[in-house]
Amino acid sequence: MSKPKIAFFDFTSCEGCQLTVIDALQTNIELLDVVEIVQFREAMSEKGEDYQIAFVEGSCTRPSDETRLKKIREQAAMVVALGACAHLGGVNAIRNRQELDDVRQYVYGDKAEWFETYPARPISAVIPVEAAIPGCPIDRDEFVMVVKQLLQGRSPVIPDQPLCVECKLKGNVCVYLRGKTCLGPITLGGCDAICPTYGDGCEGCRGLISKPNIESLKNALEEHGLSFEEAQAKMTMFLNYQMMELEKETAGNGK
Amino acid sequence: MGLKIMQKAAFPGWVNRLCASCRVVGPKPLHGQYVFDDIGAAEELAIDYSTSVLPPKKYILPQREELLYFKGDQIEAVIEEASQPTVIMGVHTCDMHAIHFLDRVYEQGYTDQHYLARRENTILVSIECLRPCTESSFCKDMGTLSITEGFDLHLTDLGDEYAVDIGSEKGEALLDNLEEVSDPTSEDYQRVNRVIAEKWPRFHYKLDFDVTELPSLLTASANSDYWGELGDRCLACAMCTNVCPTCYCFNIVDEVDFSLNAGQRTRQWDSCQLDEFATVAGGHNFRETRAARQRHRFFRKGKYQWEAHGLIGCVGCGRCAEACLVHITPVDTFNQLNLRRRKATAEVK
Amino acid sequence: MANNTMKIDVHHVTRVEGHGNITVDVKNGELKQVELAIVETPRFFEAMLRGRPYLESSHITSRICGICAVGHATASLRATEKALGVEPSEQTVLLRKINFHGEILDSHILHAYMLVAPDFLGVGSVIPLAKSAPDVVLRALRMKKLSGDMCATISGRHTHPIAMTVGGFTHYPSNDELYRLRERLEEARADVDATVELFQTLDMPDFERDTEYIALRKEEEYAFIDGVIASTDGGTWPIEDYRKVTNETIVQHSSAKHTANQRESYMVGALARVNVNHDKLHPKAKAAADALGLKPKCTNSYMNTVAQVVEIAHSIEDSIEIADVLLERGIQWEEPVPPARLSGEGVGSCDVPRGILFHNYVIEDGIVVGANCIIPTGQNLANVEADMRALVPTILDQGKEAVTQSLEMLVRAYDPCISCSAHMLDVKFE
Amino acid sequence: MTTLLKDVLDQTSIYMPIMARINKIRELSPTEKLFTIALPEGYSLDHRPGQFVEVSVMGVGEAPISISTSPSRSDGEFELCVRRAGDLTNVLHAMNEGDAIGIRGPFGRGFPYERFRGKDILFVPCGLGLAPMRSLINQVLDERGKFGRVTILYGSRSPELLLFKDELEEWNKRDDVELHLTVDKGDETWDGNIGVITTLFPKIEVYARNTVAIVIGPPVVYKFVLIELLGKGITEGNIWFSFERRMKCGVGKCGHCQIHHLYSCQSGPSFSYAEIKNLEEAL
């Protein structure tokens, strides 16, 4: 079998996930033997257009992104969202709750209209994607695992389990017992619970598990001293897009 | 097998001696809690700990454990080689009961050689608990606040000395050539008796009924509204099962290297509280609601294991109650069910 | 002459962070237009910070840039700490410095080895190099792993550090971990020497254009975190006066704003730092500078990469010294210093891999109500364009391909981190 | 001759599969393939109808698959009918004759079919349920004289998805077997019954006291078929099911297949209604 050709693309993002891919090479140099990278703007000048697997980093934040995404979709047999921005809208979606004109004006003043933009969305809101590697940034080992699964002809799945699972398996002292709060119970695990391990509560960068008990967690947050606004802020740092979608859904059901 | 008396002053030296000859693990302080971890020197050991985040179970049934290596068609089982025993220091009596429970599960029917190898390679030095470790513990109800067998060595704090019960030859060997250990006098036996008698009233019953009634209480509570109430609260975070000393469910996953035909098959702890646990291909989930999963959890502890193995699956350590962010606890659950049953019976009358 | 008319349009300069396009328009030997356009989508971080609890700021702003994540987080923490009257402990300051060196190393190694070196070795990327010069690539990966591990040891990871927080840390490395790190830093000296040797063999293009160089400066050390703003044209400013130096303007062809101080443009980054702070370099780094022929004041922008190599030597040595201090005292568990007040304004500044960076916050009752971030690449943009205007006429006769290559290399030498420069604005804080 | 199960017990690990060969692959429907498996020389499967094996593709995973061959017809070889349902089964479907797969087992207690002798047998397979049922059906047919009336009610979603069409044809031709088929949705080739499985029940007559009914199908089917069977007066102890549960180990350790206090992999997957009627979540 010939080596699968893969390509990397970036949209609105900090490019930390692509850097994480470069970092993954430090311990997995064999990757270069098993795949052929035909496009990786951040690391190489060559540009190949015949790729089978496209890794897409970054959110869709303006109309011209849609055109580019659709072109990638046409070419690639498989599109993988790389990281929170592509998977969830990421921190870019924080602004979705604010008035867009206001946001633009705050940053660009009276020159605001020079810069095209609209609410940040995950790429799956624009094109179908076969898989997502969650996280802000992605986890190196998970990236390598996904590549292997793709090479095996499997569709990569991240187990639908909350972060608390691996946090407890690591034997961490729950940050709630240390006077802090954490989104671990509703967040998809897979990052090896790195934030609680380093003493900080999870901020939800990997997105929600499929059936989160958000109401119950809100009560727990409140019990641990968070005001409504603080709890809201916590749940909208990375999860704003998902939360707004859920709100729309509940509003829809109410009708 | 006999009793010895060890000067407390000699304890650190003894631990250091053990550290030099084998792997020693035991409780260490961490962020206001305790965790079982490798001990390099006696001073790291916090033998008077309250309870640990994870039970010492993890040394016998590790969170992740390779079962098989494979390369092409060649498969090799990974059974821990017993080059050096692991001494687990300071196991509380509830955790001792839990390990005996696991022994029964893993040895019955098809014996799990991976578990067995680790188990045989483990030396258990347990310690008598003299006061309840947390608000949530209810070992007295579950009959686990003391132990009479199954340990290799068992320590009882007598003030300036430890009474050391010897439970096995392996345990006895740990004391070989130790000068600060003496034979007990008849007064020493009385002191141990006294310490144990005195500890008893310091522990309190937490259940409103006797534990022998638990299986029948649960049978009667299968359709209680209480499960729905728990289901609304439960986060399905699986903390309760992951900190449990008697939970043993696992998942198996394969990992490959870049050749794609070599790698390992690994088992890792799983939890019945997770949505995927009882879901089969095609998406049918036999315990779809959190309520059903909570019921399964408590039934498994208080009834199913009793029916399958003749042992109650809960040892009263209270870890799950301490861990649960929404305060779902065995004591409250069992007492609530009991209360509701009594009310219901009263109404019928 | 065919070369008299030339239109160069490089869509997305590769091997840089983010998206930048070069446009050069020459008609009949006359330079019509030279632009480096930032086509990165605007990120709106300042707007997103408004309304967020102050503790979130450093985590949100580290997402401005994946490669300067530690720098952004550090500047953000300093701004918050100044606003809220927090004076971090000495241990915190030292740990932050090692963490910062980790990022300087990570970024410089990435840039020098993986982004710039291929130009000189005649390949399109580091990937073919893995076959043709495996020792070079493996060395780069090894050094990069070390720098990543420095950050991981201190703050959890490099891209988006976790354990750094207002007033201190939420996690500390053990003495063992720090000790092992120190040992590896020592071992890395051989790699540093090999790096210097490699860059001695690479000929930087001749191109001199004097400009103003701006960097942080401290009397006691080679400054990366805090200090005063200093210029090679003379003058120092407290960092609170950053607006007087940067003078941001919005230009239509770029989502990043342009800046200017005493001339029409200025340069920031490794070369500016070495030009401003050469006397503070570690002796081993000075030796590296001598070996590489880098003397202040150097006015060749292409030498920015060489200045980075010099800083690699400096960061390794300085980290070893800091580790020694920390190991001598032993790492103490310290709770973060709590804020003295919950409202105030503060400016934090760091000299991140690409140059001087400012974060300025206004906080009310623990909530950020105003924010401004000025990013190094944005400050360099006007200077890059000025360089291009000076360079193009001198090389016009070499043909379009060569001109394109030279311009791309010039842009790359600045190590632009375009994703983060796409911010911008001027807010009035009343 | 070592039996495979004995080998599991003798292995250094109960999780160790034996590598066997795929001898033949036959496509039964767009989603199901029949794999003929040959054990290595010197091994026999020695199974009972209703038992299953754990099938491994190393590097992908393991899954429980019922043995579709009756003990009466397996000799060194046995068949597995596999539906493409996910990770492992997708990979299996992409494999070729001659490829190697891992086998552990047989596990479970299977059906106590000796006890069914002398009785009328009513088989009710639905969909993929025919795969495990076929083992029992053929065993009964190979000992035809020992059983009373044999009736088979088989339901499928569409004619295309009917499994083992050749054998259905054969059974249909026999005059000692009564076969009724139904599909949820017909097509132009179909002139038989259309409707869910329960629509077949009015077509048959049973002598309840002497009938054993065996039902295998997707979870939704059991409740409805049970009503029919109890309605016909068949006793609880004579109604048998085979349950599908998630399974990881097959040897009563991993906890996934637990129904109440019973491990489906050990005490099942076949259960009589009498055994499980009071166990919450069983049906």
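A, B, C and D label the chains in the order they appear, each numbered from 1.
In the analysis below, a contact is a pair of C-beta atoms (placed from the backbone, for glycine too) under 8 Å apart; a residue touches a chain by one contact, two chains touch by 3 or more.
On a predicted model such as this, the values are computed, not experimentally measured, just so you know.
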- Result of counting contacting C-beta pairs for A-B and A-C, higher pair: A-C
- If you average the Cα atoms of chain A and of chain C to get two centres, how far apart are those centres in Å? 25
- Note on the structure: When centres are defined as mean Cα positions, the distance from chain A to chain B in whole Å is 37
- Query: How many Å are there between the centre of chain B and the centre of chain C, using C-alpha atoms for each centre?
  - Reply: 52
- Item | Distance from chain D to chain C - Cα centre to Cα centre, in angstrom | 66
- Touching two or more other chains, which residues of chain A qualify? 152
- Which chain C residues touch at least two other chains? none
- Shared interface positions of chain B, touching two or more other chains: 255-256, 260
- Query: Touching pairs of chains, which are they?
  - Reply: A-B, A-C, A-D, B-D
- Query: Tell me, which parts of chain B touch chain A in their complex?
  - Reply: 30-33, 35-36, 53-54, 58, 63-64, 232-239, 242-243, 255-256, 258, 260, 268-269, 271, 274-276, 290, 323, 325-326
- Note on the structure: In the complex, the residues of chain B that touch chain D are 67-68, 70, 73, 75, 77-79, 105-106, 108-114, 222, 248-256, 260-263, 265, 267, 270, 272, 277-282, 284, 286-287, 292, 295-296, 299-300, 303-308
- Item | chain A-touching residues of chain C, taken from the complex the two chains share | 12, 14-19, 40-44, 46-48, 50-53, 56, 59-60, 63-67, 69, 110, 114-115, 118, 124-127, 130, 138, 141-142, 144-145, 148, 155-160, 162-163, 165, 169-171, 250, 252, 255, 419-420, 423-427
- Note which residues of chain A are touching chain C in the complex, please. 10-20, 22-23, 25-27, 29, 32, 37, 40-47, 61-62, 65, 90-92, 94-95, 98, 102-104, 106-109, 111, 114-115, 117, 136-137, 194-195, 197-200, 203, 230, 233, 237
- Note on the structure: The residues of chain A that touch chain B in their complex are 28, 30-31, 33-34, 145, 148, 151-152, 159-162, 164-165, 168-174, 176-178, 184-186, 209-211, 213, 216-217, 219-220
